[in-house]
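Some structures to go through are shown next.
Shared between the two complexes below is chain A, which has chain B as its partner in the first and chain C in the second.
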Partner chain A sequence: MRAKLHYRWYTPYLFLLPGLALYVLWMIYPLGYEFYISFFDWKIMPGQTSEFIGWANYQRVLDDKNFWLALENTVRYTAVTVIGQMVIGLGLAVMVHRVFIAKRLFRGIYYLPVVTSWVVVSFLFQFIFSAHRGGLVNYTLIDVLHMLDEPVNWIGETNTAWIIIYSLGIWKGMGWTMVIFLAALQGIPPELYESAAIDGAGEIGQFRFITLPMIRRTTLFILVALVIGGFQVFISVYLITGGGPLHRTEVVLSYMYDRSFDRLWFGYGAAISYILAAIVVLVSFGQLRLFGQSDDADY
Partner chain B sequence: MFTIPNWIIFGALIGSLGTYMLYDHKGHNGNQGALLGGVVGAVGNLLLLVPLWAYIVLRDVPFSEPVLAAASSAQADYHAASRVETARAQSETLRLVLRVAIYAFLILMALFYLMPVYTVVTTSLKTPDEAGQLNQVWDLPSSLNWQSYKTAFDMLGPKIRNSFLLTINATVISAVMGSLNGYVLAKWRFPGANIIFPLMLFGMFIPYQSILIPLFQFIQDINLGGSLVGLVMAHVIYGLPITTLIFRNYYTEVPTEMIEAGLIDGAGFFRVYINILFPLSLPGFVVVIIWQFTQIWNEFLFAVTLTNESSQPITVALALLAGGEAVKWNLPMAGAVLAALPTLVVYVVLGRYFIRGLLAGSVKG
Partner chain C sequence: MKAKLLVLVLIAALALPAFAHAQDDVVTVEFWHTYNEVSPENEMLVNTLIPMFEAEHPNIKVESVPFPYGEFRQTILTALAGGEGPDLARLDIIWSPEFASLGVLLPLEDVMPDYADYADAVFAGPLSTNVYEGQHYGLPLDTNTRVFMYNSTVYEQAGIAEPPATIDDLVAQCDAVTALGEDYYIFSDGGTYGWAVLPWIWSFGGSLTDGAMTTSTGYVNGEETVAAYEFLKDMIDSGCFSPSFLGGGMDSGTGYFTNLFASIMDGPWMFPIAEAQYPDFTIQTALLPAGVGGSISVVGGENIALFVDSETEAALEFLRFTQSDEYQLKMSEVGQLTVKPALLESDYFQNHSYYGTFLQQLKTARARLPHPAWSQIEEVLTDAGQLILRGEASAQEALDMAAEEIDGLLAEYE
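The block that comes next holds the complex of A and B.
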């Protein structure tokens, strides 16, 4: 039985009001307003009139070669870093899970980059990969390992710039993946492994037939979260290459930022961010469908 | 954190670092580095050896896992028992080898992983000349030069102050609001509740660059452009979905009987919150505050868009500092350490709650 509280019907709403009002005003309203802006040749300066141009912004974005390149780069970044983070994260989690000494120390070390700002770590990787001969990576490759003769201009070349950005993405994110996987591994009942051992399953068999199925839900959750994060990559690209040379390392968000806040093409930028949002929602939705299906199949 | 096993690993890490330094500086003229390396190595190895000795002598922690104890229950037939025996015999050696390999690998990975941290700290302590030297990135500073930190602090001091103002205000406001929302949504049924909660959760999935441009314009329109207040508000609202979710999940665990008892005693809507739920909320607040603190401190995109030079937080200032093609990295590196320190301190001191908050929120950081 639930005791009845005599409160006026509007009391709960009164409680929610401050948060909800701000939330709608600062989050839902701008979201709609962004959609509105994307149909205009938007002028931010007071006194200038914005011209309604219908779907023209979207049309222009879809005809923009740089946008497609940025999208391709974003998809590639997402694929590489999501796979890298998940494989390395799971590998580390399995190992740390088996360790009895210093489990938390290892977990702590791998988690450090996660709590550090993207700005700081981007900065750090710029330093490590600096172009001159004394840069850490160049120096190590040339003078310590004797693998190269000439210093590499890591940031200046498209392909090598991606190496920096990919490795930063994996380095920064795998601690998070590891911690979540570790929590999932700790939730698997040990009896399962015991009975599998009795049935003669080896290490690999146990991993394949017990560990992997048992962490399936977690794996899918991590996948969805990482893919959403991957599509929104911005700071590392913006700070390390700035999208250059010639927009060749641009990702969708850095390109959106460049068009909006450097060129002041706000309508154009709004169209880009709506297209990106639509892609992210579609991809997440597809993955969540996967979630639901696997639940039905398993239980 | 500071258990004997942790010290052993820690000691091994420090010890190998020290040994490396000693080796590295053998041929150089700077004896100070070699001396330092020797001392660090000795201390590290002491840290390693003493606990190891204690460990072996005391043996208070079983070194091997309790292997398959459950399998030899009364029900287990002869067949299963014999298989367990063979499995155990085979796996004893295998396990040992495997375990050593795992430790070796994890320690190596950790060293590799921490390499960037090593270079930041050493570079920030070098003199500008030394930091600009080619071929010395791996070396330790010949003497500890704290000047870069002093200069960086003089330059970045106001930005650090901005960051603290921003982070503390936004964290506290979003935590309190999240707590109120969480209370209402967890404990009361009212028309519209099942619309409002999903609406709030929806906010967690909005790619926040999608609201950047209108938010920028909106903040300009209400004359908060370039001020810290606008940025604080943006962070409060952007953090609201996650704080609401964490508090809602937290308050759902509070038994409804407690609330009913309060109601019978004549407490009203607000009194129930203040007298019953709020006093229980400390762990929830800790989780939310740690989460929000790190998120807001580290955030960049809102900050760079919504502030101007006098109100910008440290992340933006640092990014601008990095903009120039610096060769003498000692100063920027000192700035990076200053920018990273607060979240690292929070994390090291309150790490346990951190992981818990992470799992409670289950949201990417």
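The block that comes next holds the complex of A and C.
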């Protein structure tokens, strides 16, 4: 009584079904519903009626100077932290790639910030940069290095608040870029370096003409992933400055959160998030078009 | 056989809670609040008052859910939107009109037949913070105000004999305090939110809106309000007031308790905090220094409100309990001033070590705008204050802009 094995067209779909169902339930459905909300003056309390207002939320967002400031801040954050993470991450990868002992240890140490919780390290940075004399950074600058006389109100001033948020973003992400770059470096055949050395290429020449071209695809992947991540910055800003002072450190998502959950303008918040999503899609697509062409020569 | 037995046991086990439930019929009431978890008020609630209530009402179980103040409004609104709100909550008096306007609170006149008896037993001022469109959406739970608290150690070092009776006196004392060292200030506060700046605005004779809350032009940007902000800016610039007004910096309470700040403005909960964390420290109180408008402080406090979809009858029982003399007196022991005038006649308050100043200050204290848009209005006010104190706009410029924005917010509710 052995059952005959035979192919049924729907079998693979059955295997896909559980994952797909969860994906639809937790991703697609909320996304669609949010799109729907963005066309209403949405009331969150049960029993209240929401009014359909068409594209009015989108219009209001585009007329809102705080939104544009938040967007500008987000773009600047993305630029600074993506460059920072890529340069430092690549530097670390090259160095870790070269050490012979304790390679895993170094890799682990640099990767550690990646796996720590955003919430925990945000609070940690808040303490490190606290405004009075006893804050670690102020104490170091005043009493140890004697570089300053007065404590700096790091979180309370716009420019210094950005230093905290940028450095947290770079510090937390550089381990991830390092690991990905490291994997790419390990994939470069050593013969290339040997023959280059024979041809007289120095360290810098080898890096410039072998390493960089060979990790081009990886670099592109990291760039796209980090830019998308950069646009989604939220926890650090929300916890460290709360968008303050005067909304000047607001980023798009913290502003969306504030309008939605503090003012209860959920339609408005939904419109903000769809505008952000459109921008991220356009930017990612643009990056792929710009840097992604003609890579058939890679391998 | 074994398997069948196992199934039977499982079914029995699953069914048991149902039987148990059917037998005692206990109703659980969720009470959300911001009684400070690290101060004695929460302990009083959980260890003394709720057990007392549950002993009297064996069929009601009260579940106390504490939240940090800063997150409470958002948490509760989000929970309500998801249909997961509490039965009862202790709301800051400034939130009541907003919550009522969202339709999440029950009008007590409709659901509580004996409501009038309870309303008659409390102060009219705190009671009025529960009104929205002519109906009451809660009862006051506790009241408070900010008084002037001075540090006798700093006063002694600086050679100051008396707390200032007027704002001019306060200014005159500044140099003696700042001469003590870099981190010394005559006064400190934590920001430019309403709770901090309104006493100055009112004491300077200013205000935020007209009495009917229809316009702020001519009030929030009026001469007196502008003068109050200019005064604050001068004091911070000259190093008299601590820069913590700009946010960040040393917490005012910490600076006060550690003998750096000569004075702060704060509420009665500071006494239990001092007792627990700075047992050697004695808080000295006085009325706020007076300006041309008088010595006007800001009324704080909380209401207790009942939510739509609550276990109404059981929740009402607990609400009645919070209005009892027992509850009010016990909470008064831990810094939560009672809202019942009759209790103030009692020996407890007549001989009390620190409530005297608060009761006197309350006579002239005013409430923040009891308006559904208060949270948004306060944001505008806070931002305007920051612009002024950071020197990025003149007081008149910043407040003119604020007036325009606040007028817009007020108009949305007309």
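Methods note: the second predicted complex is superposed on the first by the 276 of 299 C-alpha atoms of A that agree within 3 Å, B and C clash if a C-alpha of one lies under 4 Å from a C-alpha of the other, contacts with A are read in each partner's own complex, and residues count from 1 in each chain.
Keep in mind that, in the parts below, contacts are C-beta pairs under 8 Å (C-beta built on N, C-alpha and C of every residue); 3 or more make two chains touch, one makes a residue touch a chain.
This is a predicted model, so every value here is computed, not measured.
Once the two complexes are laid over each other on the shared chain, residue contacts for A:F125 go to chain B alone; chain C is not touched. Between chain B and chain C, more residues of chain A are touched by B. In the superposition on chain A, contact of A:L288 is made with neither chain B nor chain C. Of the two partner chains placed around the shared chain by superposition, chain C is the only one that A:Q48 touches, whereas chain B remains out of contact. Once chain A of one complex is fitted onto chain A of the other, the partner contacts of A:V87 are absent, as it touches neither chain B nor chain C. Once the two complexes are overlaid on the shared chain, A:L62 sits clear of chain B and of chain C alike.
In the superposition on chain A, A:P245 makes contact with chain C only, while chain B stays out of contact range. When the two complexes are overlaid on their common chain A, residue A:R133 makes contact with chain B and with chain C alike.
In the superposition on chain A, A:F15 makes contact with chain B only, while chain C stays out of contact range.
Looking at the shared chain after the overlay, A:L264 reaches chain C, while chain B stays out of its contact range.
Judged by the document's definition of touching, chain A residues 44, 130, 132-133, 261 lie at the interface with chain B and also at the interface with chain C. The touching residues of chain A, counted against chain C in their complex, run 44-48, 130-133, 153-156, 244-247, 261-264.
Touching chain A in their complex are the following residues of chain B: 1, 5-6, 8-10, 61, 63, 65, 68, 70-71, 76, 80, 83-84, 87, 98-99, 102-103, 105-106, 109-110, 113-114, 116-117, 119-120, 123, 133-138, 177-178, 180-181, 183-185, 188, 190, 192-193, 196, 199-200, 203, 205-207, 209-215, 217-218, 220, 233-234, 236-238, 240-241, 244, 256, 259-260, 263-264, 268-269, 272, 294, 297-301, 305, 315-316, 318-319, 322, 327, 329, 332-333, 336, 339-340, 343-344, 346-348, 351, 354-355, 358-359, 362-365. Across the complex, chain A meets chain B through its residues 2-5, 7, 9, 11-13, 15-16, 18-20, 22-23, 26-31, 33-34, 37, 44, 92, 95-96, 98-102, 104-112, 114-128, 130, 132-136, 139-140, 143-144, 171, 176, 179-180, 183, 191, 194-195, 197-198, 200, 203, 221, 225-226, 228-229, 231-232, 234-235, 239, 253, 256-257, 260-261, 266, 269-270, 273-274, 276-277, 280-281, 284. Looking at the complex, you find that chain C touches chain A at residues 74, 77-78, 80-81, 83, 102-104, 183, 243, 246-250, 308, 375-376, 383, 386-387, 390.
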